[in-house]
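Going by the order they are written in, the chains are A, B, C and D; count residues from 1 in each one.
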Amino acid sequence: MTATFKKSVTITSVDKLSIDIYSMWIQDKEIVSAAKPGQFLSLYCKSGDRLLPRPISICEIDKKNHALRLVYRIAGKGTEEISHYTVSDRIEVMGPLGNGFTLEGKKAILVGGGIGIPPMLELAKQLSCEKTVVLGYRDVTFLDSEFIPYGQVYISTEDGSVGTKGNVIDAIKENKLEADIIFACGPTPMLRGVKAYANEHGIKAQLSMEERMACGIGACLACVCKSKDTDHHSNVKNKRICKDGPVFYADEIEI
Amino acid sequence: MNTKVNIAGVEWKNPITTASGTFGSGMEYSEFVDLSKLGAVTTKGVAAIPWAGNPTPRIAETSSGMLNAIGLQNPGVDVFLDRDLPFLKQFDTNIIVNVVGKTTEDYCKVVECLADSDVDMLEINISCPNVKEGGIAFGQSCTSVEAITKEIKKYAKQPIIMKLSPNVTDITEMARAAEAGGADALSLINTITGMKIDVHKRAFVLANKTGGLSGPAVKPVAVRMVYQVANAVNIPIIGMGGIMTGEDALEFLMAGATAVAVGTANFINPMATMDILKGIEDYMMKYRMEDIHELIGCVK
Amino acid sequence: MNTKVNIAGVEWKNPITTASGTFGSGMEYSEFVDLSKLGAVTTKGVAAIPWAGNPTPRIAETSSGMLNAIGLQNPGVDVFLDRDLPFLKQFDTNIIVNVVGKTTEDYCKVVECLADSDVDMLEINISCPNVKEGGIAFGQSCTSVEAITKEIKKYAKQPIIMKLSPNVTDITEMARAAEAGGADALSLINTITGMKIDVHKRAFVLANKTGGLSGPAVKPVAVRMVYQVANAVNIPIIGMGGIMTGEDALEFLMAGATAVAVGTANFINPMATMDILKGIEDYMMKYRMEDIHELIGCVK
Amino acid sequence: MTATFKKSVTITSVDKLSIDIYSMWIQDKEIVSAAKPGQFLSLYCKSGDRLLPRPISICEIDKKNHALRLVYRIAGKGTEEISHYTVSDRIEVMGPLGNGFTLEGKKAILVGGGIGIPPMLELAKQLSCEKTVVLGYRDVTFLDSEFIPYGQVYISTEDGSVGTKGNVIDAIKENKLEADIIFACGPTPMLRGVKAYANEHGIKAQLSMEERMACGIGACLACVCKSKDTDHHSNVKNKRICKDGPVFYADEIEI
């Protein structure tokens, strides 16, 4: 069992990456020592009327400086609140949570869609095999240049303003990318597309899933997804995204 | 300083338990809390057979509260006995199993299965607003509350705690009906039925449309109901609903609860049970109280 | 863009009114809000004779909510007619008088006194939890809801809005009873009975012990009840309970309310009614909606 | 009718006066122009679960700098939150509220008890007649030295550590203070004592009252006190502290 911590940590840097996308580094020795790509943190708001945690993926891990990067989009009141925090402010977090990606494969495609892109960055850094990166956006890109050191980066945009016009699968096809494994995080329709693509090509896929969470540690059963087989823990065809995921093999789950 | 309480013949080392459904079977939270320090652990609802629960989204945040419509997903009583109970037995605490069913027979079956087990108390959930059959339907009329209590008492070897629904006109009627049916204790409140609409998607936030409201938002309603029930029956009460701090727990004790359960607070602070216990102890220290019974029902 | 709605034959220029008891008779808030910009002003409860209300403290803060036990203090219908009504008549808005009484005769007396006045609608408060006699007692059983509605309809010349209590097992039964009694519209929810204890003083915070919970804390319960009632009756609904923003108001409209009332929000922001109206208009603009009726009851 | 404003204002100075007593200056042209001694402001918390205003008396008015001083005690979660605000933070306020003191009399005693002391300071500054100041504390004093420029200051403490041992009435008697009017703000038992004393001596008294508030402007009827006669507005024997007060003549009200 990996260690999980609930504590107040210090924000050491804040950047606005795009119109509603923010990047933030936090510092904490314990959490950072335990953190792996694909895991996430639960962030807690200060406003007393917002009780539930905001799950945010780990975007980068800097073990040397005990620092960890989170990149998030303002999606509602909680992330809006967090976007006002500044350097040296403290924030209550729990983590690292979930299982993270399993580092495997010889030739990988890392697929990130929209706000599912951040967790792919630390994965790109840690995954030592041959790899290409495919990033899907609606229009404005972010974080894409930071992937360049780790592999060839392909981009798709819905409006075609950058890269392939269409979605990430269109980009994979257009660029005839090959792999024995796909790692993906993004909106459900994208994950569904990746699963189908992997299936078709007989390759493995690890998908990072999303659902509304309360406990973040597997106790409340809020965040389940449908599993193909009866799950060992639940004894029904449900898996807990926070605890058994967020990363699942595509063939374990129904999406 | 004495924090021991006695609920229907079962001694608790302190008045803190966990609210069913918010603490699993204790496993996940045992990383944060020494379960032996709890008066009791109350488990997620357990049914005769595995239940898959409702589709997602199952929760939504509301102002100072949350809605849940988990739909009583649970692995069934067999897995509970084989896996969860042995886990819980490692700790020096009381084990309370929350029992759910779709029919009276379902409830009785679970109660029977647990009769000879190492479970200390049974909490009968006749108040879940998130399942189509059973649940709250049993808890909203006096006759059915009394009838199901009576029936369950026939099978039960452990003390029976009837868990009441706040979604009623007069909670004292339900409490009296449970007492008349032979309940050994009462717990309240379960969640209040609520709804949230996503105005941008123009859709319900919860797949189940409605869910149960819990958290600090409901505390004033819960304290009121505990107070009313404490003045209506002679069996002990486990109070819950929005307890986040020691002071919140004290409100319930002063209103007449003999013990309290911590629910939603666990999600915000996994150490909540311990912090609340410490809050009560600090209070007793500050006001030089020797025995927690000086607090129970002290506000009239 | 059309924001006009019609409630029981009365046209409102927009769906916003004030929740009874939170806006006095409009005078105090007229410094902040042009009352002519409201669909209607709903007054504090008016009785046949002056009422002194409850002892203080009359309010308490709770998480995302507040408890009140004002106890329907009011100057009586004569002062209302002589002073408050002429004041309100200066504005181009509908005037809704909230009517209270201890007996059916009391209610009917007020309704009679107002019958030939310039009042546009009457809201009958059978749901106040903070008075010993009358109030909520009328609103918690189908038979009494139907009976008092019928009786009042005999005297009323204006459309009658029955204001329902959330402190019931099944709100749709009360709604149907009011409809059967001849109600022209319904408003809901009134406050939920709650309690707060000051653990340091070991005493109730409110002199009245219990009070009515309002504010964002209750919104999920209110939206759920509005949705249930909208699907149970054929008369229009004025929804309320914790509306603080345009989005909150939209939840009620989408759940099936034809109009909404703003209560506790006025205390936090005296311009709340106007901000909420603007929020609705901005939403309609953003989603290119021509008519507010496209929103009413659009979530099924 | 005096103008009332609801707005966000800037905090220009923050001081800790005592273990749990804070002083804060805020700046706003409109509010300050309208402010009078004895009036109060409603302060709103940032934490979204705390809805109701915290009424705080005006302690000093600096018309030249459009500044206004508030002195408050940490009494609960709201004042605790406000005590963390720092210079240049903004705070939402409504005011000025209430009627304030009527400046009158030839020889006045200004009586402040505990956290009722702050509003007496601006009154002391504006009241031009002959005056003495009597301040009652439990033990530790605060703000007392700031009254020295405006009149002789007498102190009472419950534990006798400073000045008269006892309450403000004891101090008045001990020092044989005379007046044709008393202005007082403090806990209800103190105000009751002042009323009785004024009655005995056949002099006027203006008392500043306190009650839990919601609207702060006279609409909700939360904050009433009992009046001797039927009140013009309420048509019953209740007066609204926020609107008809907080300052009342002692013989108008029952306490």
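Rule of thumb we're sticking to: contacts are C-beta pairs under 8 Å (C-beta built on N, C-alpha and C of every residue); 3 or more make two chains touch, one makes a residue touch a chain.
Bear in mind that the values here come from a model prediction, so they are computed numbers and not experimental data.
Asker: Tell me which has more C-beta contacts between its two chains, A-C or C-D.
Answerer: It is C-D, judged by the count of C-beta pairs in contact.
Asker: Based on CA centres, what chain would you say lies at the far end from chain A?
Answerer: The most distant chain relative to chain A turns out to be D.
Asker: Mind checking the centre-to-centre distance between chain B and chain D? Centres are C-alpha means, answer in whole Å.
Answerer: That pair's centroid distance is 46 Å.
Asker: Rounded to a whole Å, what is the gap between the Cα centroids of chain A and chain B?
Answerer: 35
Asker: Specify, in ascending order, the residues of chain D that touch 2 or more different other chains.
Answerer: Each of 48-50 in chain D touches at least two other chains.
Asker: At which residue positions does chain C touch at least two other chains?
Answerer: 63-65, 215-216 - these are the residues of chain C that touch more than one other chain.
Asker: Treating touching as the only link between chains, describe the layout with one word: line, ring, star, complete or other.
Answerer: complete
Asker: Quick one: in the complex, what on chain C touches chain B?
Answerer: 62-65, 67, 140-141, 167-170, 192-197, 199, 202-204, 209-211, 213, 215-221, 223-224, 227, 242, 247, 250-251, 254-255, 283, 298-299
Asker: Which part of chain C faces chain D closely enough to touch in the complex?
Answerer: Touching chain D: residues 21-24, 27-29, 31-32, 44, 50-53, 56-61, 63-66, 68, 70, 73, 75-76, 79, 215-216, 264, 266-271 of chain C.
Asker: For the complex, give me every residue of chain D touching chain B.
Answerer: Spelled out, the residues of chain D in touch with chain B are 48-49.
Asker: Quick one: in the complex, what on chain B touches chain D?
Answerer: 63-64, 216
Asker: Enumerate the contact residues on chain D facing chain C in the complex.
Answerer: Its residues touching chain C are 1, 4, 6, 44, 48-53, 94, 211-225, 233-238, 243.
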